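These notes concern the structure reproduced below.
Letters are used for the chains, namely A, B, C, D and E, taken in the order the chains are written, and counting of residues starts over at 1 for each.
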Amino acid sequence: MTPTVKAILDKYEGTSAAVKGNLSRILMQGRLGGTGKLIILPVDQGFEHGPARSFAVNPAAYDPHYHYQLAVDAGLSAYAAPLGPLEAGADSFAGQMPTILKLNSSNSWATTIDQAVTGSVKDAVRLGCAAIGFTIYPGADKIFDMIEEIRALREEAEAAGLATVIWSYPRGGDLSKDGELALDVGAYAAYMAAGLGAHIIKTKLPTDHIEQKDAVAAYKDGDWSTMAKRVAHVRQASFAGRRINVFSGGAAKGTDAVYQDARDIRDGGGNGSIIGRNTFQRPRDEALAMLDKLVKIYKNEE
Amino acid sequence: MTPTVKAILDKYEGTSAAVKGNLSRILMQGRLGGTGKLIILPVDQGFEHGPARSFAVNPAAYDPHYHYQLAVDAGLSAYAAPLGPLEAGADSFAGQMPTILKLNSSNSWATTIDQAVTGSVKDAVRLGCAAIGFTIYPGADKIFDMIEEIRALREEAEAAGLATVIWSYPRGGDLSKDGELALDVGAYAAYMAAGLGAHIIKTKLPTDHIEQKDAVAAYKDGDWSTMAKRVAHVRQASFAGRRINVFSGGAAKGTDAVYQDARDIRDGGGNGSIIGRNTFQRPRDEALAMLDKLVKIYKNEE
Amino acid sequence: MTPTVKAILDKYEGTSAAVKGNLSRILMQGRLGGTGKLIILPVDQGFEHGPARSFAVNPAAYDPHYHYQLAVDAGLSAYAAPLGPLEAGADSFAGQMPTILKLNSSNSWATTIDQAVTGSVKDAVRLGCAAIGFTIYPGADKIFDMIEEIRALREEAEAAGLATVIWSYPRGGDLSKDGELALDVGAYAAYMAAGLGAHIIKTKLPTDHIEQKDAVAAYKDGDWSTMAKRVAHVRQASFAGRRINVFSGGAAKGTDAVYQDARDIRDGGGNGSIIGRNTFQRPRDEALAMLDKLVKIYKNEE
Amino acid sequence: MTPTVKAILDKYEGTSAAVKGNLSRILMQGRLGGTGKLIILPVDQGFEHGPARSFAVNPAAYDPHYHYQLAVDAGLSAYAAPLGPLEAGADSFAGQMPTILKLNSSNSWATTIDQAVTGSVKDAVRLGCAAIGFTIYPGADKIFDMIEEIRALREEAEAAGLATVIWSYPRGGDLSKDGELALDVGAYAAYMAAGLGAHIIKTKLPTDHIEQKDAVAAYKDGDWSTMAKRVAHVRQASFAGRRINVFSGGAAKGTDAVYQDARDIRDGGGNGSIIGRNTFQRPRDEALAMLDKLVKIYKNEE
Amino acid sequence: MTPTVKAILDKYEGTSAAVKGNLSRILMQGRLGGTGKLIILPVDQGFEHGPARSFAVNPAAYDPHYHYQLAVDAGLSAYAAPLGPLEAGADSFAGQMPTILKLNSSNSWATTIDQAVTGSVKDAVRLGCAAIGFTIYPGADKIFDMIEEIRALREEAEAAGLATVIWSYPRGGDLSKDGELALDVGAYAAYMAAGLGAHIIKTKLPTDHIEQKDAVAAYKDGDWSTMAKRVAHVRQASFAGRRINVFSGGAAKGTDAVYQDARDIRDGGGNGSIIGRNTFQRPRDEALAMLDKLVKIYKNEE
C-alpha cells in the first residue's frame, strides 16, 4: 500500500479493518492504484433508462461482460452495477475487479421520486463485492425513508466488512431544477452522505448557482468562479477532505468536456470520476482511449 | 445433461449449484428436455379471473389434478400455479413434473394495480418446487413495493436453492394501453426482470410500437417488422441472451395463431412458451394435439 | 376413522399428518362424526355486532360457557370464536370439543372494510385448538392486505399442525350489494379461499344472480335454478370438491328456512353448516331441537 | 388467598399460573385485599394533559414518588403509570405496591385519535410490574391498528406472566359525543376488551343513552334507570362477570359524587374504581380521607 | 464520584448500573466534573442546516476533529453529533470525551415535520458512546411515530447500558409559532421526554407565554416573570427535579446574552447548557474564552 492510500485510510476512524481493506482494494486497483485517485465504471443506466436507450448505440454493451471487460482493460478502480448485471459476470471476473453492488434503482416510469431496493448486503457478500452503493435524493418527499433504508444497509454492510458508497443527488420537494446542481446544494448533499457514514461520496459537479436564500450569506465572500474551486468546496463539506469524493460525468458528451471535468476534479482535490454513459456509449476503442487519457489526467500526466 | 443445457446453465454466474440444479430439472424435463427450449403450463387464471371464466368451457379443468396430468401427458417442462392448486396435486404428482409456485396473484376485483403475496419460499420448499414465480407491473404506482417484495423472496429462494421466474408485465402509471405491448417497453420489462435476478423471464410478445419518446432514437435504425426480430431484441435486452426468456400466449385463440407465436419465439431465439388458457380452455385431446405440435415446432420439426 | 373421512383427508395433498389429524378431530367429532358432514358453531357476533344485539334475546348466551355447552350437548363438530370467548371456557371444556380460534374480527363501528387481527397461532396452540379461522373480504380495497395476513398466519398454522378455515365474504370495492351473494362471486370467493390454502371454506349460500359481465358467458348454459345446484357449483369451484365447504346461515330466521338451507347444502354435496345466530338467539331447548333436526338432515334421516 | 379471590381467578381459564399469580398480587393487596374489590391509582394525566394541568393544583404531585406513597398509604390495590413516572419510583417502592405499566399514551396536542406506544413488556418485566395497561379507542379510524398493537403486547405479556389491563374508551369515527358514554357503547367496549383477552377491563360509567339504532331493540325491554343496573349490564357484557371490571372516575369532582360512583359500582357488582385526578388533585389529607371512605364503601361499611 | 453526582444518580431508579455509569462519565467529565452541572457541545447543524451555513463563518469547523478538540480543550462534559461526524474522530479522541450519538436528524429541505433515523444503538456501542440522542417534535402530526422510534431505541440503549438524551422541541400541528417557546408547552415537552424515559432532557428556554387555553388556570397564580423561575418550573415538570435538564442556546448571539442564559439556567436549578452554534461559529479563541466563562458561571464563580 502506498503512503498516499494509507493516509486516506487513516482518515476513516471508527471503521473496521475489514472495511478499510475493501476501500484499499479499490484504491490499489488498476492504473490509478496507489495514487489516491480512482475511476469507477457504473452501469445502472440499463435499469434506470432502459436497455435500448443505454446500449443501442453500442450493442456490444447489452452484454454485462462487456462492462466488466472494459473496466479491466482500461485499468479502472471498480465496477458498480445492480444485482442482475453484476451477478452475470461474477464468476468470469471474480478477483479481477473490485465491484460495488448498487442496492437501489429507479426507472423511467417511476411515478414518485424514490428508488426501489433491488439487492441486499447478503448478495454483495455472496458476489464478493468490495462495497455497496445506494442513491439518496435529498430534498425529495421520500428522503427520510431513503435515509432510513441506507442507514440499515450501511450498518449491515459495516458488520459484513463492506464499504458504503452513496450517490447523493438532490431532487424533488421544494428544490428548483437549477437548484439540483447549485453549489450550496451539492455541498450539502455531500455533507449529508458523509453524515450518513458514506465512505465514498458521489455527487454531481456543481454550478455556481446558490439555491438557498439562507445560505447566500455563507457564500457571498467566496470565489466560486471555477469548477476546481467548487470541487474544493465539496471536498471541504465532506469533513474537510476526510472522505473520498467522486463526481459523475452525466450524459454522454464530447471528450474534451469529459477531460475538462477530470482536470477540474483533480485540480479541486477531488478523488476521481464515476463515469458510465460516456464510456459504454462510445465504441470500445474510443472509450479505452478516452479512459487512458483520463487516467493520465488523474496521474498529472496530461 | 446435454451440451446445450450446460451452455445455458454456464451463463448463470454467481448462482449456486442448487439453483442451477433446479433450472436443469426444468430444462431436462419432458419432450423438450435437453434442447434448451421449454414449455411451461401456468394455471393462475382461476385466481386471477375466477374459476368459471377459466374452467367452465372445459369443466374437467376445475380439478387441479387435470393440469398436472396435462403437463405430464404433453411432456411439458414445468407446471406453475399458486399455492392452493399446486398443493392439491403435490403428493399425486411428486417427482413427475417440476413445479413453480406462483407467489403473488391479483384478482378480477382488485382496485389497485398490484398483486397480493399468497405463498412463501417455505411453501415452495415444502412442496418440492423447482422455482418460485412472481409478477411485477413495471410502470405501476406500486412497482417499487413489488420490486422490494420479489427482492426479498428472490434472496430467500436463492438461499433455499430455488430458481426465480419473473412475470414482467408493464401496466399502469403513465403507460398507455398500446404501450403495455410496445417493443421498447417489453425489452425494458425483460431487462428489469433480469436486473432483479430472475433466472427465467416471462414477458408478452411485443408489437412494433415504440412507447417512450426518449427511446425513439434508439430504435429508429432497427428493423422491427417481424415478431422474430422483436423477440430477438427482447433476448438482447435480457443480458444478450444470458437469461432464459419465455413468452406468454395471452387469451385463448386459434391454433394457427398459437403455432405462429411459437415459430416466432423460436426464430427469434426465445426459449419457449408459457401457455395456459390456450391449453386448458380446449378439450384435452385438442390441447394435447396442439402441445404436440408446439413441441415439434420448438424441436424444429414443424 | 371411517372410509368417508379417510377419503376426504386423502384429498389434502401436500399437507402434514398433524394438520390432517386436526381435520379428522373435527370430522370425527359429535353426532356427525365419520359422515363427512359437519356443523360448526361460530360465536363471533359478540365482537362483530356487540353483546346486546347478539345475546340480549337469550341472556344466558352472555356467558361464553353457554356456547361451549351448547356445542357439546348438540353433538356438533367444532366451536369457533375469537380469543376472549374461546379462552373463557378453555379449561372447562378442554378435550370435549374441537375449537377454531377466529384470528380476526371487525366491529359495528369500523370505518373501513377490513378486520383487525385479534389473536395468534401461538394462542391457538396454547388453547389446544384444532384450527385457526380468518375472514377475507374479496373485492374490498384492503383485500391484498387481508390476503397477506392470512398467508402468514396459514403458514404459521401449518407449521404448528393446525388446520385453516377461511370465511370468504365478498364485500366492498366495485361489488354491488346484490353481487355479494351472486353465484359467480360466491364461486370465485370459494376458489380464492382454496387458492390461499384453506382446508375448510366458509361462504354464504349464493343467489342465481351473476355479477360480473365477463362471467356471463361462462354461466349462460348452466342451470342455476336451485340452491342445490348452486351449492354444487361452489363445490366444483373448490377444486372439484377437494376441499371442505361449509355455508353460513346468516341472520336468525324461521326453522323451516334453516332446515331448507341444510337440505340444499346436503343435496348440492356441501359438507355442512356453520350456524351461529340461528342457534344462540333461540332458547336453548329450541336450539337443541333445531340442531337435532339439522344433524338428521345431514345424516339423510330427514 | 381468600375464597372470593380464588373464585375470581378460577374464571380465568386458559391462563397461566403466572398471570393468575399477578392478578392475585393485585387482588390481595392493600385494604381491599381478599375482598374481590380493588382501587387502582392511575397517573397518566401528566402525559395526557400535561404536568401543570395535572399537578399545579397540588404541587407535591409533580414528584412521581408522591403517587406511589399515596397508593401505599391509602392501602390501594395497584398503581398504574407510563414508563417514566413508574421507573422514577421503581427502587424506592419495589415490593410495596403492584404496578401496571401503561404502554401507550396520547397527549393534548395529538392530531389523530390514537395513542403512541411508549413502553414495552420488557420494561414491565424489568420494573417488576404485575400487569401491562393499554388504551383502545373503539370507533376510531385507527382502532384496527390499536387492536393489533395490544394483540401483540398481550401475547408477549402473557408469555412473560403479566396480566393485561385494557382501558376501552369509545371515541371518534361515527360515534356521537353522547354516544361515547352510551350504555350500549360502554357494554360493547367492555366486550371488545374481554374479546381481546383483557384480564381487567376499564371503562367509563355509562349513561342511559342508547347510541346505536341497531341496538335499540335489544335494550328496549330493560330497566336502565339506575347506574347500578347499567354497571351490572357492563358486567354481563364482560363474559357474564368472568372478567374484572373497574370504572374510571373522570375529571375531578365533589366527594359526594365520587362516593356515589363507588356505591353504584359496588351495587352493580363492579369490582372497583380506577381513580386518578380525584385523588392527586386534592390535598393529600383530603385524598386519603376520601380513599378511606371509598375503601369502606367497597367493604360495605358505608 | 462526588456526593452531588451520587445524589443525582440515585434519583435514576429502575436504571441499570451500566446506564448510571455512563451518566457519571458525563457528570464527572471536564471542568464541571462532579458539580452536577454540565455543558454539552452538539454539532448536528451541519446535517440540519447544511455545512456552509454552519461552518463557513469559521472554516476550521468543517473538520469534525475541530469540535472534538474544542470540547476537550474547553473541558466540556460531552460531545454530541450524528454518525458521520462522530465516527470521523472516534479513534483520535477515544477516551478523551464522552460522546452522544444523535440518532435522528432533519435537514433544511424536509417537507414534513419529522426527522430521519440516521444511526443505531449498535453504532453507539461500536463508537464507545456514553449515550444516544434523539429529537421529538411534540405537537407534530408525526409525533406518535417519533415516540415509537425513540421507545424502541431507548429500550435497546438501556439493554446496551447507554443513557438516553431527548431533545424535546414542540413544533407543528396546532401549535402556534409563539407557542413553541411557551412556558406551558416547554414544561409539557420536558415532562413528555421524562415520561418516555429520557435520562437527560434538552429543551429550549421558555418565554412567559401560555399557549394552551386549558392550561391558563394552572399558571394564573404563579410568578413567571423571570427566566430562572421558568427554568425552575421546567425542572419541576421533569419529575420534580429527578431528571437532568439542559437547555439549548439557540442561534448565535452576543456573549452577554449567552452568559445571561447560563445564569438563568443555574439560578433556576437547571443542570446546564447544550451549546453549539454559539461556540463553533465564533473564532476558536473567543469560543474558548466564552466557554471558560460559562464554566465559571455554572461553578458560581461569575
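Keep in mind that, in the parts below, a contact is a pair of C-beta atoms (placed from the backbone, for glycine too) under 8 Å apart; a residue touches a chain by one contact, two chains touch by 3 or more.
Please read all numbers here as calculations on a predicted model, not as lab measurements.
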Set of chains adjacent to chain D and to chain E: none
Chain D reached from chain A - shortest hop count over touching chains: 2
Numbering shared by both copies at the chain E-chain A contact, with half separating same from different: different
Rotation, 0 to 180 degrees and nearest 5, that superposes chain B on copy chain D via CA atoms: 145
Approximate Å spacing (C-alpha centroids) for the pair chain B, chain C: 36
Centre-to-centre distance between chain C and chain A (centres being mean Cα positions), rounded to whole Å: 58
Contacts with 2+ other chains: residues of chain A: none
Graph class of chain-chain contacts, one of line, ring, star, complete, other: ring
Residue ranges of chain E in contact with chain D within the complex: 11, 13-15, 138-139, 141, 143-145, 147-148, 151, 155, 170, 173-175, 184, 187-188, 191-192, 194-198, 212, 214-215, 217-219, 222, 233, 236-237, 239-240, 242
In the complex with chain C, residue positions of chain B that touch it: 46-47, 49-53, 56-57, 59, 62-64, 82-92, 105, 107-112, 114-120, 122-123, 126-127
